[in-house]
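Listed below are the structures to be examined.
Two complexes come next, and they have one chain in common, chain A, joined by chain B in the first and chain C in the second.
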Partner chain A sequence: MKNNFIPFVKKESLHLLRDTRTLLIVIFIPVVLIVLFGFAISTEVNNVNVAVVAPKHTEEINNVVNRLAANEYFTFKGYISQTEIDETLRSGKVNAVVVFDSDFDRLVAQISAGVPSPPAIQLILDAADANTAMAATAYLQGVLLGTASLQEMFETRMLFNAQMKSAYNFVPGILGLIIILVCAIMTSVSIVREKEAGTMEVLLVSPVRPVKIMFAKMIPYFVISCIILGVILVLSRYLLDVPMVSGVGGIIAISLIYIALSLALGLLISTFSKTQIAALLFAGMVMIVPILMLSGIMFPIENLPKFFQWISNVIPTRWYIEAIRKLMIQGVPFIAVWKEFAILTGMGIVFMGISLNSFNDKLE
Partner chain B sequence: MRTFFVLLQKEFLQIRRNPFLPKLIIIFPILIILVMPLVTTMDVRNLNIAAVDLDRSSASQRILSHLDASEYLSLIYTTSEYNLALQKLEEGAIDVIVQIPKHFERDMTIAAPEKISIIANAVNATKASIGTQYIVQTIAKTFMELRGEKNAAQMSELVTIQNRFNPTLNYKHFMIPALMVILFILLCGFLPALSIVSEKECGTIEQINVTPTSRTLFTLSKLIPYWIIGLLVLVITMPLAHLFYGLASAGSIWLIFLSTFIFILGISGFGITAANFSNTMQQVVFVVFFFIMIFILMGGLLTPIDSMPDWAQKITLFLPPRYYINILRSVYLKGTTFVELWHDFAALAGFAVVFNILAAITYKKQA
Partner chain C sequence: MSDVVISVRELTKKFGNFTAVERISFDVYQGEIFGFIGANGAGKTTAMRMLCGLSYPTSGRGTVAGFDVMSEGEKIKRHIGYMSQRFSLYNDLTVWENINLFAGIYGLSKNETDKRGTELLSKLKFSSERNTLVGSLPLGWKQKLAFSIATVHRPEIVFLDEPTGGVDPLTRRQFWEMIYEAAADGTTIFVTTHYMDEAEYCSRVAIMVDGRVDALDSPAKLKQEFRADSMDEVFRTLARDAKRGD
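Let's turn to the complex of A and B:
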């Protein structure tokens, strides 16, 4: 039995190794993406451009503006006049305009004395980006109302991510996204290419059993994926400073399952596709959007409408990301992710099963 | 000229006959525009809190009930054991623990009472920081009320807030133009690239090479169908966005069409260039995938460019989608005019010219 399995793996490996260009691309892509995104992307709003309209420059107003300019969240873009507000916001030069009333000092005095009076400050926000607008409102109110003094009442602790790095949340997400797509694109052509080239017939009349064909096709890609995984993990740990508290063993174990699952998914796509184009479009293009949107990479799952939360259950990336976040950042023991582990294993087996089954059909 | 039309006809026939492509071109945009806006929300709404109430006084009760009443927060667990709450947090059942110290009510009026602790799960840093802000504000307000400070409520009257362009803070409206951009990147970048490399792999490109057709004409015949498809997708998606999400353009529709057309020119030229450098379909898919990930994740589609570090912001200057996203969002939501956006248009046009020239010169007629 071994006799016809090993040569088969060898043949597949040769296919892979001969195409040096693809091989290099495949290794280069995940590495560059993870480093780039790990450093560059922050979902937080940490820079709000602010312009100020101040009809008079009283000391009181200058104090407030100085407080604004000194705050790390704001970039003070200078004073503008009342008539320029609309244009400044529309052209996107600033995210928010703070308008002081011409009678600011008197109004503030009245308000703090408890006399009802019109507002002394108007905040005008570019709410086209609702997220930035909301964050800007919160930051600006904090500075303008001076509620900052009340902060002393609280002691805040940020567990697992004391420096509040976006990368902690993002690296597991990007890892999950890139592994599944790269692996699926790799194997998605493997069977359909043989169909198109006509070599499939040769395989079908050979005594090699379908299970062996499938595994032989997966093994070389599995090895490549493991190399990629290794490089990515080293980079995440030492370049991006992602903690990996609970040790690297659990992370590797669940990643290997996830890689196998992704390769099996590619094979599944391959057995169902009639042409390479269709297979590649599905693996490389159609899959990007649901995985990006529904697996909690960007948009937290608990925010999704119920229906989509339910759909997200069938997206393997969701489970992988959840497990990796727990293992890497929260540092829970491996036992705590048994559920994710079981789900991923189950999905992998199902993908393999279906593709074997449909491959068998072709034999008849 | 006649050869050109024949070539064009061939391209359309190939697209139509493909068992997968026509379905993809119709269904994919509709699905994305209808379904994805429901998903794209970064609001921190359902923040689950556990309270560790060591005081059990009327003041602490008041704080807890105010927390629960807030529209963003829900108090789902109250205990007097910190460890029990921490366990819930580790399981992921709750996001934040609020601990009210013993004798909180008694010490409320003195200068330095024992502090209220807020312990957040900060794996998602954004969620943790915004959530903590909500909690601090809510408690601070209750606290001022409890201390009988009347001006607490009035202080908040000091400021009025006006949300321009999107008064309801509807994040969907912000995301729909972005989703359109993803569509054009995928449809007009991926498809022409695949179509050229598929000719390479099938060997049919040799047949074209031996004909007197010039390489510009051949490249054009590959591009034009996707330009038409792109514009068609725009024509389908704009009314859909209006019908289902009430999003109509605040600015000129012609500007949207113009920018879309320039962008499609650029991105399809980019696809062809990638194809010219690749030998197999798989290779080109990898290369295009690589750039698409960068376009989507760094072009300001999902995260603000302003929040990136400086070096990364410089990289984004070389990403055509950056300019297109800005144009589409500004025109759609703010009604920005051409004059205010001319440098974005100029950048976009520049990319379109460069990519198409690259596409034409990198296509070699030799095998």
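Let's turn to the complex of A and C:
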């Protein structure tokens, strides 16, 4: 009976290939997501509309305003008066207002000389979108400081992502999300579908061991997942210019472990579910929220309350994303992610173990 | 009498407080068509599942093809064929791919598979449907194909769980002809059904009521014993006091 594994893998591959619609969805969704997140959804600050309040038009002030207008991140919307500030921001015409003190030149001179003095510039921002407002503040300060010699006080360098591109941040997150969702969803229906169709009974009366049924089910999905991984990596590298400094070897190695883990998770869901709908709901809906919230895709884990930080430890995506960020963006050698690698391997073995254990060859 | 292939003594299955099968005992001989008759919920399927190694008996003893149902389930599986009441082939695979799969599962070599598969198809007059998806075949054809595939590895015993459910009378006839043919070749057939006319086709019949075997003999003798004209009458006499089923 040693040869009954190959026909089984063949059967599972045929199921997958015959289901063209699902296959297309599974391959195209990652592409769409990567392009969407890479281009459309960005946390970069572009096109900040700025109005200026300048009681006097000194040369110093004109220089600052010219520099502001020349900057690609800002659009200069003209001068307004002190009384118009609130209304202009409220109407949404501008996102930020720069208010120069009437005594601007003297105050700047004082500050440069080290004499304590009141602020020379006031920044008023529409903080309805807090993140954009924060980022715009930082940019504005950078541009405005160019006038004063205060600039020399700081030297800031943005390592690994000098241009602050959001794609660098999103690609590892999306990779982590897509792989676990696609793999878990695809495999979660695979066993329960046979339970529903009645074919599982026939498999269980046959001499095929459950462990073979499980592995045979994983193989074709593993191949598809590898194709998806390849597509995402190529898109990230050549379309979004994500650096992958430390080479793709390490990225692929840890991704393969992560894929295997996700497939095992899908099988686990499948062995516990009674219907395909239940399996799909669990894989698609119940899992997605904790993965999005607690794995560092949307919010940095350090910002979470202690309790959720603790929970995030059991979410595999968290470890995968951490490792991929290090490998892709920071360019550390593979050895530096040994901890994440070990954790993912361990989790994979646990998932596989539990699902094998619960999927026995009895029906009741 | 010829060899005993299934032997069951006091076999019992309990689910919690519910006794699905209560201390049933019988022997099945080689080449026999052994019918298991009963209303829905009488315990037919549960009893059959214990014999196939799909579920462990709560108590009692039994052997199938010479192997113990308690401890040698895996060995039993290699010597039996099985076809369930729900259609059990893969709809998204072709006829030939289904044959190949099940032949492969039972460890048939490539040559044997080709030979058996071709033979099986020509017997069914299905040769032209070789590359048709099973899902697009009419139900009757599917059932006949499923039976052929259940016997592709030439098992000693074939278990059929309500194989003719939902099939038209003509196809049922053809199906029973296939069963006779297999039995004539020496395969033992163990079949559950709730069609009483099918009970007449069996060599011997066990009638299950509320988890117990209440009568066991050939249809002719049962009719004589219960002074009935048909198996239907025999069954109704026995099932009159049944508490379960519909």
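Here, the second predicted complex is superposed on the first by the 251 of 364 C-alpha atoms of A that agree within 3 Å, B and C clash if a C-alpha of one lies under 4 Å from a C-alpha of the other, contacts with A are read in each partner's own complex, and residues count from 1 in each chain.
By our rule, contacts are C-beta pairs under 8 Å (C-beta built on N, C-alpha and C of every residue); 3 or more make two chains touch, one makes a residue touch a chain.
Everything numeric here is computed off the predicted structure, so don't read it as measured data.
Student: Quick one: classify A:G92 as touching chain B (first), chain C (second), both or neither.
Tutor: A:G92 sits against chain B, while chain C stays out of touch.
Student: Would you check which partner chain A:L36 touches, where first means chain B only, second means chain C only, and both and neither mean what they say?
Tutor: The answer is first: A:L36 touches chain B but not chain C.
Student: Touch test for A:R21: chain B only (first), chain C only (second), both, or neither?
Tutor: Only chain B; A:R21 stays clear of chain C.
Student: Is A:N357 contacted by the first partner chain B, the second partner chain C, both or neither?
Tutor: Touch partners of A:N357: none, neither chain B nor chain C.
Student: Touch test for A:L204: chain B only (first), chain C only (second), both, or neither?
Tutor: second
Student: Touching A:K11 in the superposition: chain B (first), chain C (second), both, neither?
Tutor: Only chain C is touched by A:K11; chain B is not.
Student: Going by the contact rule set out at the top, does A:S81 touch chain B (first), chain C (second), both, or neither?
Tutor: neither
Student: A:N62 contacts which: chain B (first), chain C (second), both, neither?
Tutor: Neither partner.
Student: Could you list which residues of chain A make contact with chain B in one structure and with chain C in the other?
Tutor: 19
Student: If you look only at chain A, which of its residues touch chain C in the complex?
Tutor: The contact residues of chain A facing chain C are 1-4, 6-8, 10-11, 14-15, 18-19, 197-199, 201-208, 361-364.
Student: What does chain B use to touch chain A in their complex?
Tutor: Going by the criterion above, the answer is residues 18-21, 24, 28, 32, 36, 38-43, 45-46, 89-90, 92, 113, 115-130, 132-133, 136-137, 139-140, 143-144, 150-151, 154-167, 169-171, 173-174, 182, 186, 190-191, 194-195, 198, 201, 279-283, 285-290, 292-294, 296-298, 302-304, 306-309, 312, 315, 326, 329-330, 333-336, 340-341.
Student: Hey, which residues of chain C end up touching chain A in the complex?
Tutor: Touching chain A: residues 15, 49, 52-56, 73-74, 77-78, 80, 82-84, 86-93, 97, 100-107, 159 of chain C.
Student: Any idea which chain A residues touch chain B in the complex?
Tutor: By the definition above, chain A touches chain B via 19, 21-22, 25-26, 29, 32-33, 36-37, 39-49, 87, 89-92, 95, 108, 111-112, 114, 116, 119-135, 137-138, 140-142, 144-145, 147, 150-162, 164-166, 168-169, 178, 181-182, 185-186, 189, 273-278, 280-286, 288-289, 292-294, 298-300, 302-305, 308, 325-326, 329-330, 332, 336.
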